[in-house]
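So, here's a batch of structures to check.
Presented sequentially are two complexes of chain A, the first with chain B as partner and the second with chain C.
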Partner chain A sequence: MKIKRVLTSTPLARLHERTILQRGPRKGIAVPWQSFRREKWPEPALALAYDAQRMLALGEYSAVSLFARFVDGLARAGAPFDLVSAATRVPQDEIRHADLAFRFASMCAAREVTVDVSQADEQSSKRWRERLGIEDLDSFAIEIVAIGETLACGMLAACRDGATDPVAHAVYSNIVADEVHHARLGWYYLLWRAPQWTQADRQRVANNAGEMVVQIETRFGRGRDAPKGAQKAARALGVLDTQRQRRIVSDLMENEIVPGLDALGLGASHAWAKRRRLKS
Partner chain B sequence: MGKAASPQELADVVTLGHSLGGGERRALEKALRDLLAWHVDLRSFPRLAKLPRASPYVSLYARGKLRACYGSGEGLARAFLRAISDTRYGGIAPEERAEVAADVAYVVAARPVRADEAANVLEAGVHGAATVNDDVATVLLPSVARERGYDASGFLDLLAKKTSRPRADEGLVWILDMDEVSSRGVSEDDPMRGARRFLESLVMKDGRVAFEMTPGGGELVHTGAMLHGRIAVAVEALDALDSKKTRLARAWLARQIERRAEGWPDRQDMILGTLALAARAGLDVPFTEEASRIDVASASPWHLAQAASVLGSRTPDAMWSVIVRSLDARPFSPYALMAAHARRDAAIVERCTRAIIEGIPRETALASVAIEALLPLRTSEAKRAVREARTFVLARQVLDVPAALHPRTLGAFRASPIAPILRCDVTAHAALACG
Partner chain C sequence: MKKRTRIVPSLVVTASFVGVIPACALGACGGTTTADDGGADASKDSKSFADGVAADAFQNDAKEELILGVAAVAMCCFDSGPE
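And now, the complex of A and B:
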């Protein structure tokens, strides 16, 4: 299924533009769309920024249904209201992020952009059941929410910090502001669940976390490297190169994720020590 | 070794970041030859010199045909070992081992372009291309387009096929600048010396000139369309290059034309074109009589223009009118420009010049004839066009014989970036344009 940025022609569209894109459920940052000057940037940098935004749009759009399943699972599991409530905000954040990314991708490409969600949908269908049980929720919280969103938050923050283009900076700032809450949701869920785990549950979750941790360096080890002459511009548009991405992933793993998982008694430092490493 | 630079990474592919230096090229050439020698009997694996820290792609050829190809992020030896066990292109038969030649290609730099723009940016036969899926780069080498005649669009279709995904308008394609080194070690520094050497290799002891050479086998072919006309261009180029074989070849061609020997065209306008080219090559041929007899209404304006380029002010009015009228439909006409120049027809010179400058084709012979036509002009625009066209033409010359080509092809000019055709007139036109 191919997705492009489409709004209805009803008053809801105006509401979406005003409420969701400008203010949102949390206080957002207005994106100065009009200030984008495409001609200012070299084509290779624009191509990389377009690709980064297109993939971001794909990820964020796919996350809408994925998090909806998480919300559904939490409600069915009788999770605390504050967790359910925080989780219900995530799909709305994700569609908002997808909208921002679609818009910026289209500006970088100077045309309408589409993404094909079929493959991502197929992969998530293989990995996650339609109705998530409590064990699935644990795995989901580890993989997608705690580890995934913490990494996303750190990497997107690095994109924002490098972005000097006002549109790129505002887009990333908006997204990062929400991702922080998403990452926290994952850790809060795990804090709630950890005391309930039996020894077997803990081992199952630890295995799950370990499997993910050993793959992080190779899975997230490559950024988007611009050719000579376009590196500064790519960075200014919020593109993360391999060198910076590796440094950020390593920092996040060693200072936040692995200690966090260890504190939950999941022994992630053992897995991190045995991680698959990138050749270089 | 070449200048150190921080390599760019394209998923699992490490780029060179700089063009290969002379020392690096020699080290790679030797390493390829040593690895090929080891492959024959598997005795004593060679000690390889320090080689570039980038991902090499090794292609193996036997009898001019690709038999295996593999890349590796772990250096040349690993890529070679993978290639010798690759059977996707037929593999290497035991009896072929001794005659296998190898090329190694490195990505110098990778430039991202949007997939919907890629066909406009990619120059088939010159650039490689890659896409990245799940952090793995799928790379297609420029040699694939050269050897199989793919244009940019066909090349990108093939790249998509290699990834087992349909070619999409969304996403990125990486355009790759590549450096290639061959195990053959057959090279030439001087383009015109190379062109003369190739053209002379087409001339037999009795003066017979071959029409073309097969790229992989180096065999001479003696038949083809406009045989005598194209050979006349080769004779003209041999003369321009001060070849000792010129007189022999010219005498043979004169005999063939007099006898209207095998391969002589059956169309009147092609006969006229052949005689015009022979006259340009300094042969005494019954050209004026043929021009006066031609039915201009049914003749190809291209051949009429060839005739007019020799006749100049003596071009019959009816013939000139047909040539001028034809410019509406086919404005690119270098021979018409030559003729207009000879006739001092300023309006047509201006018109033809503009059309040529705006539309020099990416085809070696036509680009070369365009250069020949523009050379007498003194405008800065014409000079710039000549410079750019010469750069294109010279890039088509085989100055470092790759594994896919026979060593005898050294010095030849390819018909285009993607056409492995080594016809006598292509090299001849290129030599006349760039000499």
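And now, the complex of A and C:
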């Protein structure tokens, strides 16, 4: 299924523009779309920024249905109201992020952008059941929410910190402001669940987390490197290069994710010590 | 590098649940590690693994795990908690 940015011609679209895009629900900053000057940037930098935004749009759009499944599972499991309530906000945040990324991608490419969500949809259907049971929710919270969103949040924050273009900076700022809450939702879920786990449950969740932890360094080992002469511009548009990406992933793993998982009794430092390592 | 805002809540990193060693650290998941690089080959003895070899092995490291949890507290000063 191919997705492009489409709104209705009803008053709902105006409401969406005004309350969702211009100013997010969490005191986001307005994106100064009109200030973007495409001609100011070299083509290689624009191409990398476009690719980053297109992939971000794909990820954010796919996350809408994925998190809706998480909300459904939490409600069916009778999870605490604060967890269910926080989770219900995530799909709306994700469609808003997708909208921001679609718009910025279109500006970088100077054309309408379409992404194909079929493959992502197929992969998530293989990995996650339509109705998530409590064990599925544990896995989901570990893989997608706690580890995934923490990494996403850290890397997007690094994109924001390098972005000096006002539009790129505002887009990333808005997204990061939400992502930090998404990541914490995963950790709070695990903190709620951890006292309920039997030894077998904890082993299952630890195996799940460990499988992911051993792959992180290599899976996130390559950023988007601009050719000479376009590196500064790429960074200004929020593009994360390999060197910075590796540094932030290592920082997040060693200082946040692995200690967090260890504290939950999931022994992630053992898995991290055995991780697949980058060759160079 | 600019100091980041902490993402993982301090409540999590100060928790100290007695834990287990994930199968991958014992060479039993995804083939990422083997007995050759220090992990036990769980495929040869999956029953003992399932019976809690990993959990027993962890007990020896329990103190280390707790220290890790406490050490991380120092880095929590930017955790603003939930909204």
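Throughout what follows, the second predicted complex is superposed on the first by the 280 of 280 C-alpha atoms of A that agree within 3 Å, B and C clash if a C-alpha of one lies under 4 Å from a C-alpha of the other, contacts with A are read in each partner's own complex, and residues count from 1 in each chain.
Operating definition for what follows: a residue touches a chain if its C-beta (ideal position, glycine included) is under 8 Å from a C-beta of that chain, and two chains touch if they have at least 3 such contacts.
Everything numeric in this text was worked out from a predicted model, so none of it was measured.
When the two complexes are overlaid on their common chain A, residue A:Ala109 makes contact with chain B while staying clear of chain C.
When the two complexes are overlaid on their common chain A, residue A:Leu100 makes contact with neither chain B nor chain C.
With both structures placed on the common chain, the touch criterion links A:Pro44 to chain B but leaves chain C unconnected.
In the superposition on chain A, A:Thr242 makes contact with chain B only, while chain C stays out of contact range. Of the two partner chains placed by the overlay, only chain C lies in contact with A:Ala271; chain B stays clear of it.
After overlaying the two complexes on the shared chain, residue contacts for A:Asp225 are found with chain B alone; chain C is out of touch.
Counting the residues of chain A that each partner touches, chain B and chain C differ, and the larger count belongs to C.
In the superposition on the C-alpha atoms of chain A, no part of chain A is touched by chain B in one complex and by chain C in the other. Residues of chain B touching chain A in their complex: 8-11, 17, 73-74, 109-114, 116-117, 135, 168, 170-172. The part of chain A that touches chain C in the complex is made up of residues 26, 86, 146, 150, 153-154, 157, 161, 180-181, 183-184, 187-188, 190-191, 194-195, 199, 202-203, 206-207, 209-211, 213-215, 247-248, 251-252, 255-257, 259-260, 262-271, 273-276. Residues 1-2, 4-9, 11-25, 28-30, 32-33, 37-39, 52, 54-55, 58, 61, 65, 68-69, 71-72, 75, 81-83 of chain C are the ones that touch chain A when the two sit in their complex. Residues 43-44, 47-48, 50-51, 54, 109, 111, 113-116, 218-219, 221-222, 224-228, 242, 279 of chain A are the ones that touch chain B when the two sit in their complex.
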